[in-house]
């Protein structure tokens, strides 16, 4: 299977000084479902934004290595070209267009992809079936939605057109367990049935590892551990830091496949 | 501001009630966000507030802290019913909250953020500070010590002079809790303080919250989606669904409640 | 330190031995809302000085000058005064000509202290006409009093005698600046003397919008409107008058409302507009011909746009130059043919 | 009564001319959240360029097109050298940057075209005409018609269309806009070009009214209260606000002036704006500050 | 969020403690050095306006940099201070100049509170309606009623000679000393206030007013106090402008351009920085002088002065943009960087380590 994404020995700095990520190398196969795991500040967001070239707004820059999407170096490509080529992204912290209504948020995404009227309508329909709660609030400014509702909107905004590579940055943050699970199930379905490659950064490790094929653990901006999800789930270190907490026992029970 | 009126005791002893809601209803443009919600949080209790997204949890917290004005019903703090609740008044009554989307002062250092919380307790007026009188200097020194203690308790002392905007999200959440704790509140209202953290980090936060209650007897209302955390931390669980309280009781009982499972873990709207 | 470089930076004039020229600090304005007036005036002034230098100076004493931009702003004017009051090479300073009532006021005491004459042509403080109050201030040509009385005399003549003015109605439309207000006292006095009723209406700086003022004028329907404008206020006044239907030939522009820059942009609306002047525009005068031949045609003219040669502001600058230079000449007659100090020029 | 009506209507009509200036602000504010103080000097720049071309014998429409091209070029330059490096900065920083821009525009226009005053004749007469018994200026009526149609067109173009959505999205969150594939630079350039176009139209109309010269750049001070009352984000709002301000100002100058003093119109509009803000803190049609906690 | 006239988020504030040593040193230096090298021009046309603009910048910084309320009306409060001082000095027996200046500051503070009232309801760019109203109303008021200018026909007032306790300070060096004294005292006081609960309350209101409310900070009181303190400082700056710098003043001198100038002072110097005001003021005063010197040196006197002037305008505008792009936190930060690099060259401090994650 071809790799849709290759992250090759990448180093990233902010403000030309602050080293956020170093020596990161991994790939995502065309039908892959890869998870990035790591503590706060370990560099997950930075890596994901580097792939879609969204670092510049924060004065961040790739200082070494290369990222290839579809075999082509992303460095000379612009963010909108990458989106057009099939990268979809859910940003950390929701980032809906707050003054715009739910529907306008989705329409804007459709507009930027130059979807036809019918396609747009279909995309909206699909979004509202997945999250009926959003349908009720379609004319509400995104700013007034609850935290979880905003998260749903952010996810749908990235799915308006099925991307070929979906980048998800903590998509389940602030979502009720059931919705979180639904979302990952949806993503897994897209991955399985429609061949959408997925790269996800998640704090809910137990949940992600149930769906991911492979996972990489980041620590201080470098990859600490890599392996298949199943391996990592039973790795002692993962267990103690990311799973093996007495308080989260019920979640783990859910996580481990019967 | 309307004169506070005393309310007839709700439960056995009104003095035990840290914060209470009486038949609160709230709607926005035809959307009922809260419907006849009554809730009595007792002193020293840790109440877990759970429910699906959009159930009205944050709105409930907003009503308690004076950010939303209920259409109907009222709020009592320490057994005193306040008709026109305002955020500043609520804070001065010892009820301190955190925000789902972070309520930090981005342009200030971590230490300054925490010091700002102390403003509430300041006894020395600004003219003293203007002239740096002895009283001002003493108070300032004491405040700084207390703030550094609060930072230390969440392992933040190394970040004291960092601008909060330069910190990763999870650390910012910790700063917000530190700031709230440093205000030595009687009641803490926490809106998803653990979101975006890994279990290890959650563990630290949980101990910090628990220690506030155990050491100072702080009352805590906690919104959290990680049911595991809630089950271990909360003394009582309140479940909200579509603006109504559908369950209220000991965690184990509530978690087993079929209605709760249906609303929260099972079916979706 | 700064002062030397600053003033040498834009020093103009002939190269003479240091300290051997007669120095004029120029607080000019060539940008900002009143740039048109300032660049015309100072253009004329400088060209005239160039002419004098081309002809060998004043009795052999060359003229030098340095410019500093005030933007017609009082503070900048003061700063320029301080910066330029002493020449870079030690040449004595003859006089300052800020061309702004505001700046003139602000530098008045300093002029007295520094013993540098302050020349205000066709404007200035009413009380400066009497030399004993401000010994270093010289209003040239018209001062507020003579200006207003000239206008009243003219109106009187139109009406068939000053005594016929009684009961007539006049509106004064003035620029909301020290300059604009300066004549208000005089006008009141004269109005009382002749029994004219006067409405004074202010146009806030810069005067882009005068709708309400002219509607009011139309309502009052006075015999005459005295326009005490400056800059853009003038064409807008004429255009708005046209718009509300007030006849242009009943508007009398004062000395600062009489230039091409004031009338031309108003186009047809200016037809019939009357204004007083102390000097005509045009290029046929000998001195202008000389300037043309000896300065402008040699490519040394100060105007960016040669078409403005001979306009009112330019010619006023020339007149101002003549008066300044003649003052120096007169003083030289008394003190000798050398560069003079401000005190001597006075 | 007749006089009162004339004052009222004449004021309202000139208020529409303020609105014409204010629209330029709205366009850019909607698209990038930038409060563009350089709008006034853009007007000066546009009008000076146009009038100088015409005076050099360039035909009207050619001059119009050439000036517009210049403004579009300016939009590209501004995007590249000012806005792009400043993206993600605080709104006040961007505001200050546009102040810097206004100096550049003023300097450039006066270097290129000099400081003298130019007459501009658009062929619209400025004589009083009688409409329904009121004496009004035909120029004002024409200007109102032009401004009105401009507003309608712009409101349509930037309303529910894709362009309108993109403009608002970029203003709301540039990073999120990038993440869904919007072209930040292009949207910015379009907004500034539109604002340039509006500046040109405003410059022509105001230039024909008061002569083309430096003070054109100062009409922004008249447009600001209109912008505030209308709400920073509403194109239609500025028309309503313009009428209110123009009429109010005229009435105040005529009826209030004699009692409290000349020149009330210098600040009256700001007072009026304050009164409206007390009732509606984000203007008549401004976007509410949707804030949730 | 950008489309909302949201609370103004600004550059991070300099930790006030950092100034603890710098400030006294700077004051002592300012009190000694110029007298050793000073000329009348240096005192009268450079140092005095720099000091006064710094004070004005300090005033605006309290309001905009620290409390986050954008103001475009600084000059109005300067005007109030100047004319209040003038009238108090003129009319109230027993008020010599110094007390009159202080009283003028209080009058300005009162007006500041008045024009600050809308801030209780209105936020962000909308608030400029209030400060612009002040900006246009105050000079109008002052020139409209002759009483304020003691009947001067053209609205220009003239300052009395400057004396203090019998000393004649009516010369450039004297004016400088007088100004320096006042500015130094006020700077120290403001520094104290910024590094106190009050200052932190202002910054909290600036960064996130809802969170500030949740901490029990009375938003309205904090804002109004910021308006009062800010206008007090601006009022004093206005008095000094009239009485120790120009020696004369007209209401129109305090126009919008002056307000922008002060805004430039704080933006270029650095929002939320005390030292920045002095750097910004020096920059704003010296840049035009420097530009005309450089411009003159390059092209000599052959060039059309209007061209030179306009070119200076362009350079000024471009420099503003350049500074905003290069260093959002202003000259303070830039100076900080420069000093750090310098001292690492000469081995005073270790080079800053790259932050390792």
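Letters A, B, C, D and E mark the chains as written, and numbering starts fresh at 1 in each.
Please note the rule applied: a residue touches a chain if its C-beta (ideal position, glycine included) is under 8 Å from a C-beta of that chain, and two chains touch if they have at least 3 such contacts.
Owing to the predicted nature of the structure, the values given are computational and were not obtained by experimental measurement.
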Other chains in touch with both subunit A and subunit E: B, D
Number of steps on the shortest touching-chain route linking subunit A and subunit C: 2
Result of counting contacting C-beta pairs for C-E and A-D, higher pair: C-E
Maximum centroid distance from subunit D, chain identifier (CA atoms): B
Chain located farthest away, centre of subunit A as origin (C-alpha): C
Whole-Å gap between the CA centroids of subunit B and subunit E: 41
Computed distance of Cα centres, subunit D from subunit C, in Å: 34
Where subunit A and subunit B are represented by their mean Cα positions, the distance between them in whole Å: 30
Centre-of-Cα separation between subunit C and subunit B, whole angstrom: 71
Residues of subunit E whose C-beta touches two or more other chains: 1, 3-4, 9-11, 140, 210, 306-307, 310, 312-313
Sequence positions of subunit C contacting 2 or more other chains: 30-31, 35, 39, 176, 204, 304
Multi-partner residues of subunit D (at least 2 other chains): 106-107, 110, 114-115, 168, 172-174, 262-263, 266, 287, 290-293
Subunit E partner contacts - residues on subunit D that touch it in the complex: 29-30, 32-33, 35, 81-82, 85-86, 89-93, 95-97, 99-108, 110-111, 114-115, 168, 171-174, 221, 224-225, 228, 232-233, 260-264, 266-267, 270-271, 273-274, 277-278, 281-283, 286-287, 289-291, 293
Of subunit B, residues touching subunit E in the complex: 65, 67, 86-88, 91-92, 96-97, 99, 103-109, 112, 115-120, 122, 126, 129-132, 136, 140, 161, 163, 165, 179, 183
Complex contacts: residues of subunit A adjacent to subunit B: 37-41, 92-93, 132-133, 137, 144-149, 151-152, 170, 173-180, 182, 203, 205, 241-251
Residue ranges of subunit A touching subunit D (in the complex, touch as defined): 52, 54, 57-58, 78-80, 83-84, 89, 91, 95-100, 104-105, 107-109, 111-113, 141, 143-145, 157-158, 160
Complex contact set, residues of subunit B against subunit A: 28, 31, 50-55, 57-59, 100-101, 167-171, 192, 195-203, 206, 225-229, 231-233, 264-266, 268-269
